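Worksheet: the structure to be examined is printed underneath.
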Amino acid sequence: MCRWLAYSGSPIRLEELLYRPRFSLIDQSLHSRMGVETTNGDGYGVGWYPVDGSPEPALIRGVGPAWNDANLREIARSISSPLFLAHIRASTGTPVQQTNCHPFRYANWLWVHNGSIREFARLKRDLVMAVDPKLYSSMAGSTDSEVMFYLALTYGLRDRPVAAVERMAGLVESTAREHGVPDPLQMTVATTDGDRTWCFRYSSERRSRTLFYSTAISALRTLYPDQKMLHGLSEETRLIVSEPLGELEGAWQPVPESSYGVIQKGDDELGSFEPSMP
Amino acid sequence: MCRWLAYSGSPIRLEELLYRPRFSLIDQSLHSRMGVETTNGDGYGVGWYPVDGSPEPALIRGVGPAWNDANLREIARSISSPLFLAHIRASTGTPVQQTNCHPFRYANWLWVHNGSIREFARLKRDLVMAVDPKLYSSMAGSTDSEVMFYLALTYGLRDRPVAAVERMAGLVESTAREHGVPDPLQMTVATTDGDRTWCFRYSSERRSRTLFYSTAISALRTLYPDQKMLHGLSEETRLIVSEPLGELEGAWQPVPESSYGVIQKGDDELGSFEPSMP
Amino acid sequence: MCRWLAYSGSPIRLEELLYRPRFSLIDQSLHSRMGVETTNGDGYGVGWYPVDGSPEPALIRGVGPAWNDANLREIARSISSPLFLAHIRASTGTPVQQTNCHPFRYANWLWVHNGSIREFARLKRDLVMAVDPKLYSSMAGSTDSEVMFYLALTYGLRDRPVAAVERMAGLVESTAREHGVPDPLQMTVATTDGDRTWCFRYSSERRSRTLFYSTAISALRTLYPDQKMLHGLSEETRLIVSEPLGELEGAWQPVPESSYGVIQKGDDELGSFEPSMP
Amino acid sequence: MCRWLAYSGSPIRLEELLYRPRFSLIDQSLHSRMGVETTNGDGYGVGWYPVDGSPEPALIRGVGPAWNDANLREIARSISSPLFLAHIRASTGTPVQQTNCHPFRYANWLWVHNGSIREFARLKRDLVMAVDPKLYSSMAGSTDSEVMFYLALTYGLRDRPVAAVERMAGLVESTAREHGVPDPLQMTVATTDGDRTWCFRYSSERRSRTLFYSTAISALRTLYPDQKMLHGLSEETRLIVSEPLGELEGAWQPVPESSYGVIQKGDDELGSFEPSMP
């Protein structure tokens, strides 16, 4: 059911997180330890913001497995970025195609999702019709994940992201109720505008897929004074991951059920997440 | 802007039409002579009905160019069929992906299209909303061609195909009028239920893409008594093509503007096509 | 490290073995239970002999994972064959590309392999130079598996298959000795000329990858009188598999270490396999 | 038969040459004006040296047509480089696969080629055997282009590039003579070590594929004082192309038959090219 990671902080090469760690994202494409599916070979994607601060992120997505993709390796080695989202896909039913790979991009926003909407085929028409008509033609694929993104955009993601995602969740749950579908929503989500990054962990059944964020760099340096890699990273550096990338004790904190987080300059935020009626 | 062919008659190997002729469909993928685009390398597809008469057609579609696809060649050499549609794609804007390749299939129906709906992105939401909600989730791609198919299904393709396609065209034209889009529809279409095959040639501007049907086999045998290939074919054998597959004089008749044809046992039909209000 | 199956007997649809069984080959592409690698997502291939008895097999190969390939599913549903080899790949180092997928085909012969040649990159030049110059340009890929096939062809596969494969194994082991590479060869192999099928299980270290053949149909019918599927199959029907396709007790016998088998009309053969000096 | 370009000079975004010009390389993939084949849809590749001066180039290659590749567009928009080679492929017989796409890379060297070796299948074994055994296992594909590169490496490309390529050409011609193949070699080649770039234009029949180099920037600025793009480019900036990227009069000079050029800091070189016996 997918794995993803979000990085924000000092510019680093993508390969540092995609390939280097013991349980890197690429490793997880072959042998995820915590996912519903161990294999995530139905595509991948990386969206990154340029080092020079331009607002629009670049995005590459592939339909093959991440683990044997030579181009992805080359790009990961070549690109440095201060903020990027990466995702590996295990399809929950929709076709394997580039337009169904995450991240999804709209203007300067990116979105990744792990989870699904139960019985999405039955609910899809109602959900899609709730998307702002002006945004409708920007949807290119057929996934629940993309529809969730466009509903969030419809409900004000660009102004008040948490409220927008809560309203999206509320719409999904009320639409599901109308169709008699129980516990419809399962999600861990990361979304970013290139400046701040929001993450969400929520499921209608209150047993959500795993999500972790990294301990503050200063704390990690105290724990691991010999870890050279930590020295080059700024205090702002943060990761959010579906499952930990390594075995460094104390490096990862679980994001609680029904909550959201905001990575930003200065203090980060953590709060409770509750679907609301749109 | 695509090329397609429809075959109905004695079972033949797919390669007889996909590869063998002087200007075979595969040849047209590289060097079409009559198409708006000379190269049709944005995917291909073949849907065929089994020799044993089972109702449901098989369907393979690929995103790469047809001319260098080794698997397509093998399949074309291996499969015999009494009725098949094949298509090579030149995208008019929507992504290159398997779900955007023709033929499209619904139950025992297949559909291919050459042409486009002008400013489809603006009209798409209204058109998609007009598709029967029960059919909505069966749409897998993002092309105008697929939406046209599902509108035709919505308007009774399975009962009265010509009327259904006329109503689909009528809806496209009236929707375009509402949005101020002139001459929206450009189409040659073939659709079949595995028994009869309908073809359509129409455009709002009354200058449609080319479409030809093959002369009756008996007439061809009289013209070309030495052509061995003709001897093995039944009287019922017919082809409909975007552009002729060969240079046999008199073998191809143009389908008139604003008309439809029906290939069936016994006499075929030819009639005029006029969009109607749905 | 790959999984494969070989079928010989009454014509059946490919999907009966590729998709239907509890642990079908497609299922093994995602979750192999006995392989060195659990995921075999680096490509797949099927080679089949036509029902009409034509000598040359058809061959389709894809670079993506088998489990999400829509075309493979369609083909498996459409094609019936009395003799076919299918393979799913987990690369042991060489690139993922169509020409590196099995089966390999030469004239009317097919070849699949699970295993590897240790330090193949060091031994490759010597091994390739031993291939008959007249066969050299027919090698299209870069795998050890393909080189093994062409060495076997060089040493008389078309006349005395067992001896040819023994000589190939002998060359691999002696070449490895020259380069100081221990225990070079790991192999289960199936090869067929469309009439008889040979299988081999051997490794230099005498701990070979798993290989099973199916119990005689008559014995299975006695064990399972209610299994309808067995009634339609002839006495000649046999499968050889890397790992069992189902849980039917007594349906699968392990092929012993260092041995070969021959599936043919009448009695099958089983014998010991010993590399010989070419 | 392929198109390629080589750029050396001020760092620019890859898209400036791959997409922007009137007859950009991507445009040439669909509608080449001067190539033997008008369509070059059998793959593409770009190798670029990083702005920071690291010696090893990055390399991405794809098997699909360049014109519809979304990832290539994203990468071209994201990457700046002072030196890069790009290539679009029209296969002359060998399979379409990533390992057969140019540029080829060895250590810090890149190589692109337009042309072919006549009857390569017959000559291949002799040519490959002449490659340095220590380099043999680095060859990953099956093209004549790659073999030419490795022969050049064998004959001292890293020390005396022109002499090495002359010896490679000499070997190809003498091997062809032995096999009775006339006029075997057709080539325009660019190769670079990340510092200097060599180009070659030669054919056994002395009628070579087209090749052009760009006029000096100072001369162009005099000719076109209003062309803003020229102002940002250093004097060292040079392009070598299979066919001109635009219609700027006087911007392109043909590389003469049987000659080589060297782009380097300070004065460039131009000299005559003559195959020699290795």
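Labels A, B, C and D are assigned to the chains in the order they are written; within every chain, residues are numbered from 1.
FYI, a contact is a pair of C-beta atoms (placed from the backbone, for glycine too) under 8 Å apart; a residue touches a chain by one contact, two chains touch by 3 or more.
Just so it is clear, the structure is predicted and the values come from calculations on it, not from any experiment.
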| item | value |
| --- | --- |
| Set of chains adjacent to subunit A and to subunit D | B, C |
| Fraction-based call for subunit B against subunit A, same above half, different below | same |
| Centre-to-centre distance between subunit C and subunit A (centres being mean Cα positions), rounded to whole Å | 41 |
| Residue list for subunit A, restricted to those that touch at least two other chains | 70, 95, 98 |
| Subunit C residues touching subunit D - in the complex, by the definition given at the top | 95, 97-99, 121-122, 124-125, 129, 133, 136-137, 140-142 |
| Contacting residues of subunit A [partner subunit C, same complex] | 30-31, 38-39, 41-42, 63-65, 67-68, 70, 91, 95-96 |
| Subunit B - residues contacting subunit C, complex | 50, 58-62, 70-71, 74-75, 77-79, 98 |
